[in-house]
Each structure stands twice: as structure tokens, then as C-alpha cells.
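Provided herewith is a single structure, encoded as C-alpha cells, for subsequent inquiry.
Per-chain residue numbering starts at 1, and chain names A, B, C and D are given in the order in which the chains are listed.
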């Protein structure tokens, strides 16, 4: 049972599969469906210093093999996340990756300091890329200097490793990856959603109340694979890969491209049991192929085994 | 029959629908299937100053609701395009949009000067965005200064209007749009393909010989719509919209988003009769809705009619 | 679940009977299913469709849906014995315990808001509640289940063009017939719910809402709505897991 | 076209009979169909599948395909009377005019390269050509059409694991049996074609190629291959419209 064992900074994982931030809430709903201890880790919903209601509805729209979302970072805020969500999660021994968001550097620092102080989160994931918040949140993810400064400042106040979640809405994602690596990032999560829009042809207006939203799901997989492949050439930092994963073959493709672990987002909506199902399939696969460790697939093909 | 009439710089079109560059060759194959005079215009395959073989195969790969291509600008070169392709096209009265590509500014100037001199092309379309050519072609499309300079130089040597085809692989497409507008572009084509990759999990290698390729098809439609919507707010330049169009509703969505005409790319592979079919459907639709001109839909909803 | 039948009962309105174990888990009228219209990634998301009625003896339930777009059109093409990927029952349905025997319940449904009200009407009737139903449709071709609702009590139908029942809106029917009630239950287009809320600000009872959904189980926050009496604007309910049925005036329509 | 039958004839190998007017347009063995596996945008592209045989009298043709991935698996689920979106016949097939009566044609097929060779074998046989066929498969479970090819002449089968016919490759069969021929026709995996080209550098005849395709009609340049004797490296052929059948040694394998 150690074939799938995956050890990343702050995250000692039974397997390399975790639900992606924002697609799993804080786990309560899925805990009614299966034992969360099966998961490699859990990426929590973005937490901000104050509670946020988020955007008006509609917040989701469907597109070909994808979906747009503009939730707008709705969350109960730092205090309640600690007092209610993390305390509820305490009964599980699955490592937590706490996604944090904000509109100023100070916001991020505050949330990072308090969350890491709880000693309950294995690592932090800086959401510098959420395209839904208009207050400037998008700039952190597209400007390498800002991204680096933010990373440095968050690292300085955090007692646990810090992953930076990169936005695909940039000309050259390797520039961002290298900037945050130099600034001390312990790992990368990639990719966040692509900025997109759907227009309701009947009303003539964008379907989402927020007008644009983040594109996720199978449609974006080739973009995620390309970006991880590019970034992997530039850095040895651990990469948590995501973007359209819904099958075992997708996971293998991400690992070959350069991911050390993977996150499953949108597919949880289509099939709420997808994470444990994929974990079982990956275990069976590794066994059938005789892999000592799943990372042997990295950079190699299935045919080598 | 004037409901669909669409007049853009250099392109006096019976309807706003044209096949997209690279998805229609120079029209010969489709001329065996239907009368090309039905088309609003034809965007020709990219022409370079010298003949190009392009990339090795595989050159295409399928992705969820999309495809990757890395043809590598294969074309017979400027001289043969003029002597063989344009002369063959002379028998049609459909306006031609000649897509041109190159690796240096001089390449573009040479092709632009010679093609516009033939008086056979209504307008030029600068492919500054093709992500498949490694020799620096990608930089024109991502650096606003280079894009502007290229536009200025091509405009200077051309006797017909010049459209610039924008790449979606940028942080802010409105910056590029405004740069080429200031440089004298007569119109915009958007969007070209998104850079993506698929890995063959059996061999462990990228499936395309070129490793990465351009993502097209329905999967990218929400990104195209978002970008056209953004650019339309910044400029009154004509926009030829494209990216995943395969139905009448798609065309209406592009027009509402801000497109003055549309191009159909990948869908020609799935259904070679798609262009004339969509033209008929759009005509019927405009008639049923009582539209004097299809552009009345612009910025409005279908419900207004 | 397995399709037992799937037929068009009014213009673009289909009634589908599905069989499966999850029928045993239905706890209240007004719960819904989250249905994957296709095994492929297009269309990607599940579609929420209310449970219209169920029969625990033979593990069957009925849904009624209008072919709106891609998903429901695909659903309409399913044949007997096909299987359908269903998540559910989801959400909280109508509570009927609040309504006493001998009280009068007014049930108001519009269009495809009608289906979840059918099992509600039956449940109230069985409880000994006096049920009056008002159903609104666009036109005669869209009318369905008028007779079915008669099993539970008196039924009024209105259509916008007057081609069946009385001409006008459901609210016109209630006014014109001076219908009285102790409890008001409704499901239908938001303008209809809003009109009811305005006309009967102090009504007791509940209404069922629609919102675009992601997960359907409360995890993604796609489907939230504001609550009334929330000056800060930060309170919310999730339609999928707190609803889709809410007490009158709890949430902002 | 309309599906007349669709059945598994060997492990993961299906034979489908389709009916439609386009059968009349078939001009040569070796042409192919470009098939849309699903009406939905996933999978997006058409799949090229060779025409195995056709019957112009009743507008029927046969294809044989292996369930490789998404598209062919969907195809295998089609039932009698379903319709299939087919473009074709496409490409240039085998020319048989070059082979004279009384000459010997050696037909070599590997795996799902075998199907287009069947109508070729029949056409050559009818022309009075002496036909010898060598078919290579992975194992006994994958063997198909061995008896069918006997209608046209002598047939040898080889399997890689030796579970049917002789053990080894098709080239081993030709060597071991010292098969002689005037014309060589082949279709199969590239390594097989390459081995044949090396062993018989001066063979006359033709081979059929595979390449990933976009349009299938010559417009997109997805499927080009280099030509032999092209020092500049700029010559090319399109597999979809110049091929898929090429004279031996015209194109680079």
C-alpha cells in the first residue's frame, strides 16, 4: 500500500490525489458520502480574512466539455474557518492544503499567519489567480514581481510550506513559476481556471452575473498539460497538477507531464465519488504494472512497464 | 437577401460567414463539395515567402471538445500561391482574406506587398499568433510593441486593408488590440488557437511531433467570447470572430459579444458543408426574426426581436 | 436508475418513470434528482429535476421535464430499459406536518414548477387536508396533470393565452375565484412566486426555488440566494442543500 | 448511412454493414470512410476506417474495425437501424489494372490493415490474377476473415504468439514458404510495411498508409508524408487525398 505514497513539503500523502480547492467546500458534504481519510490530501475552499458573500447568481454556466464559475470566493472568513471548519476536520488524519485569497498583501499575510499557527494545515496554497475578484486579485497572478513579493511576505509569516497556485491567463507561465520559486515558494499548484464568458443569446447579456468566469473541466486539460510540461523543464519544485482531470488516464498524463500530485476539481460535481474511485483505480493500476512507486511513471510512458 | 450583407474594410460580403484560415486550404477541396460563391469570404491558408513543409506528423490530436494542431504553416510559398492558388480562385467572386505568416518583419512585408499587388485579395490577415513556429513567430503576437511595428510596416507596403489576427496566449489581449489599432490595423481577427499539449501515455511522449500545438474547437469558445467582449469595449475596429463556432447559436453569441463577421475553423473537418449550412440557417433566422440586418443583434438579445 | 417509460405528455413536456433503490430514500415531496444527461463530457454538468411522485413498493419514481436545452433533450431520447446516472434524492422537500387536518392548503404551480407539487398534493390529501390547486401554463398544448391533481381536490387551470382554463395568470385565478387558504405552497417561475409573495405577504407555507447548480450537494456555492431580513447582506441559503423548498419570505426571490 | 449489422467477429474486432447511396461512388478497393462516432462534440473528429467490401446492388458496404479508443468503442455500440454520419468514399484505392491476368499477386495484411485488402483480393481474383494472401495477427483470438480470403486464393496466417497459423511475422511466412509474386499489395502496421520494403526493394505494387487526420479531404495538411527521392525534403503526399494507397517506395514510411 505504499505504491501511491507521495511526500510533498507539508503533505505526507497516502496517495497523490486530492480534491481541488473550491470544488469540495471544507469536506463536510463529501464526508456524508465517503470516508475522507481515503484522500491523499484535501485542498480547502479559499479562505479570506473576512467573511465574503461572493457574487450574485447565476454563478455557474456550462460550456463544451467545461464550465464557467464565478463564485466570488464565498467563504465564512478566517475566524469561522478556524473555529468551525478546521475543528470539524480535526477528526481526520488527511493532510490539509489551505487555499488562501485576498485583495491586499496584508490580507494574505493575516490569513496565512493565523492558519499556519493552528498547526492543523499541512501547507498553504496561495490563490493568486482567482479571476473572479475584481479588486485587483488578478494582478498578483499575472505580474511576476507582485507574485514574488506576495510569496516572500507570506513565507515570512507562515510556519508551514507555501504552494503558489498559478494562473493560466498569462503570456508565459514559466516566468511566474520562476519568480515565485526565487521568492521561496515550496511548491506550485497549476492550473487555476481560464478566464471565459458565455452569453445568453436570449437576453443578450453574459450568462453569469459577474459577466466573466473561470473555465474548468476537460476542455482545459490540454492547456494544463502544456503549462505543467513547460514549467517542469524550468524547476524541480513539486507541482500539484490540475485542470480537467476525470479519469485514470488523465492522472497518468499529468504525472508524465511533470506533476507530483494531482487535484480533481469539476469532476467532483459530475461524480461525487470520483476521488476515491480514482484512488482505487490508480492503486490497481500501479499494482498491475508492478510499480514500486507511482512517480516511476514520471517522464516515462506506460509501455516502459 | 441583403439581411446578411456585411461590409468590412476590403471585404464586401454577402454574409458574415467565412471559413477560417488553415481549415480550408485554398478552397479547392471544398469547391468539389459546394459553390464557394455562397461564402461571405474565404480566409486563405497562411502564405509564407518561401514554400514550407511544416512539422513532422502526427500533426493533429484530439482533446475533449477540441483538437490540437501543429501543421507548421505548410504552404507552397508566395510565388505558387499567386500563380496557382489565386489564379484558380479568380473564377469566384467571393472576397479573399489572405493570411500571411513569417519569421521576420521582412518576410511579412514581402508577402504582403506581393499579395496585395495582385489586386485579387480583398484584405490581408496577419498571422502574428501561430504558436507552432519556433523561430520567434510567437513573439510578434505577445509583445505589443513588436505587433505594432509589424502592423505599421505591413500597412506601409500594402495596398489593401490589413487585419491583425490576435493570439489568445497573452495576459491581456486588449493591450495587443489597442497596440495594433494605433499602428493602423483596419480590423482584428480573433482568436487564434490556444497553446496546448497532449501526452501519449503509452509512449510517455507528447503526441504531436512538434510537442505542443494549437487548441481549437468548441472547447475554446468561452475564451474567444470573453476576449472579443473585452476588446469590443476598447475599440470600434471591425472584429472577425472565431473559436469553436459550429452552430447558429454560436454565431449569434459571437455577434452579440462584438464580432462583425465570423470564421468557422475546426467545424469544417467535422462537417465539410458547415459553412453553407450555417449561412442558410442564419438567413432563415434573420428572416424569421424580421431583422433588416444581422448586425441588429449586436449587443442585444434575441428576445428583443 | 432504469428507465421504465418516457413519453411526451404535453408539448415538449415528458414524463419519465425510473426504477431504482434510491426511491427508498425519498423523505419528502419536493426533493430533486441530479441527473447526468450523457455519459460523455458534453453536456458536462448534471441537471436538477424534481421528483414528481414515487412508489416505494416497486422502487419507482416519476419525473416530468420540459425539453429546454441540450440536457433535457438528451433525456427525452432515453428509451425503456436504458439506464440513467442519477444522484439523489437531494435537498429538503415540503414539510407537511405544519398543516393540520381540516385546514385548507392552496397549491400553486406554474409550468415545470408543477411536478414537485403533485406528490405534495397527494400527501396533504392523505393527511386529511383540504387541497385546492391552481395550475398555470402558457397555453392549452402545455397543460399536463390537471386530472391527476383532481385526485387531491379542486383544480383550477389558467393559461396565458386563454386556450385552456381561464385566461391569465394563476394570481388572477386566486383573485377571481376568491380562493381562501391556511397554507400556501408554490413552485414556478420567479415572477409568479414574487406576485404571490406580494399578494399574500403574511402567508404561511413554503415555495420551491430554482437556481443554476454545480454540485447539487452544498459544496460549490453555485446556488446560493440571499435571505430576507438580512441588513448586512451576508446571510445566504443554498438552494440545493438548504432548499430547494423554503418557508415563505425566508429567502429573497 | 444506416447500420444493417454490427457484430464482434474476433476479440475487439467488429464487422459493421452499412447501407446508403454513397456505396455507388466507390471506385476502387482501399478507399475509406470518414466516420463521426458521435453526434456530440466529444469525440470531435471523424475516424478514418477502410471500406472492406461493398455490394452496389443493395447499396451495402462492410467495414471492420478494432475498438482502439473512444471513437471506435462508440461505433461498436451502434445497433441495427441506427444511423451513422459518414463522409466518403474518400481517397484513392488500389489500382488493379497494373496487374495482368495470370500474374501472381501477394497480398500481405496485418491486424486492422487486413480489411481493405479483402475487396482487393476479390477484384484481383475476378480479373484472373492468382492471389496469395498472408495475414498476420497478434494471436488466435484476433484472427478474422481467414476463410473469406480463401475465396480469392491460398491463405497463410501467422500470429506473433503462434496460437494460430505459424508463429512469427508475415515476413517469416513469405520466407519460409518461399512465396513468389509479381505484384505486392500490403496494409498494416508501419514496421510490417518497412520490413516488406527492405526485403523486397524492387517490388511492384502498392501499400496503404495510416496517418492521423483532420479533414480527410486534403484541406488541412494534417496527414502529409515525405516522398522518397526528395533531397530537398519539401515534397509531400497527403495520405487522405493522394493516398491512402501509394505505389511501393513512393513515400517515406
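A few remarks follow.
Operating definition for what follows: contacts are C-beta pairs under 8 Å (C-beta built on N, C-alpha and C of every residue); 3 or more make two chains touch, one makes a residue touch a chain.
All values reported here derive from a predicted model rather than from experimental measurement.
When chain centres are defined as mean Cα coordinates, C lies farthest from chain B. The chain pair with the larger count of C-beta pairs in contact, out of B-C and B-D, is B-D. Chain A and chain D have Cα centroids separated by 46 Å. Centre to centre, using the average C-alpha position, chain A and chain C are separated by 36 Å.
Residue numbers of chain A whose C-beta contacts span two or more other chains: 63-66, 217-218. Shared contact sites, meaning residues of chain C that touch two or more other chains, fall at 41-42. If touching chains are joined by edges, the resulting network of the protein chains shown connects every chain directly with every other. Chain C meets chain B in the complex at residues 41-42.
Across the complex, chain B meets chain A through its residues 63-66, 68, 142, 169-172, 194-206, 211-212, 215, 217-223, 225-226, 229, 244, 249, 252-253, 256-257, 297, 299-304. The touching residues of chain B, counted against chain C in their complex, run 64-65, 218. Those residues of chain C that touch chain A in the complex are listed here as 36, 41-46, 87, 211-226, 233-234, 236, 241. Contacts from chain A toward chain C in the complex involve residues 22-25, 28-30, 33, 45, 51, 53-54, 57-67, 69, 71, 74, 217-218, 246, 266, 268-270, 272.
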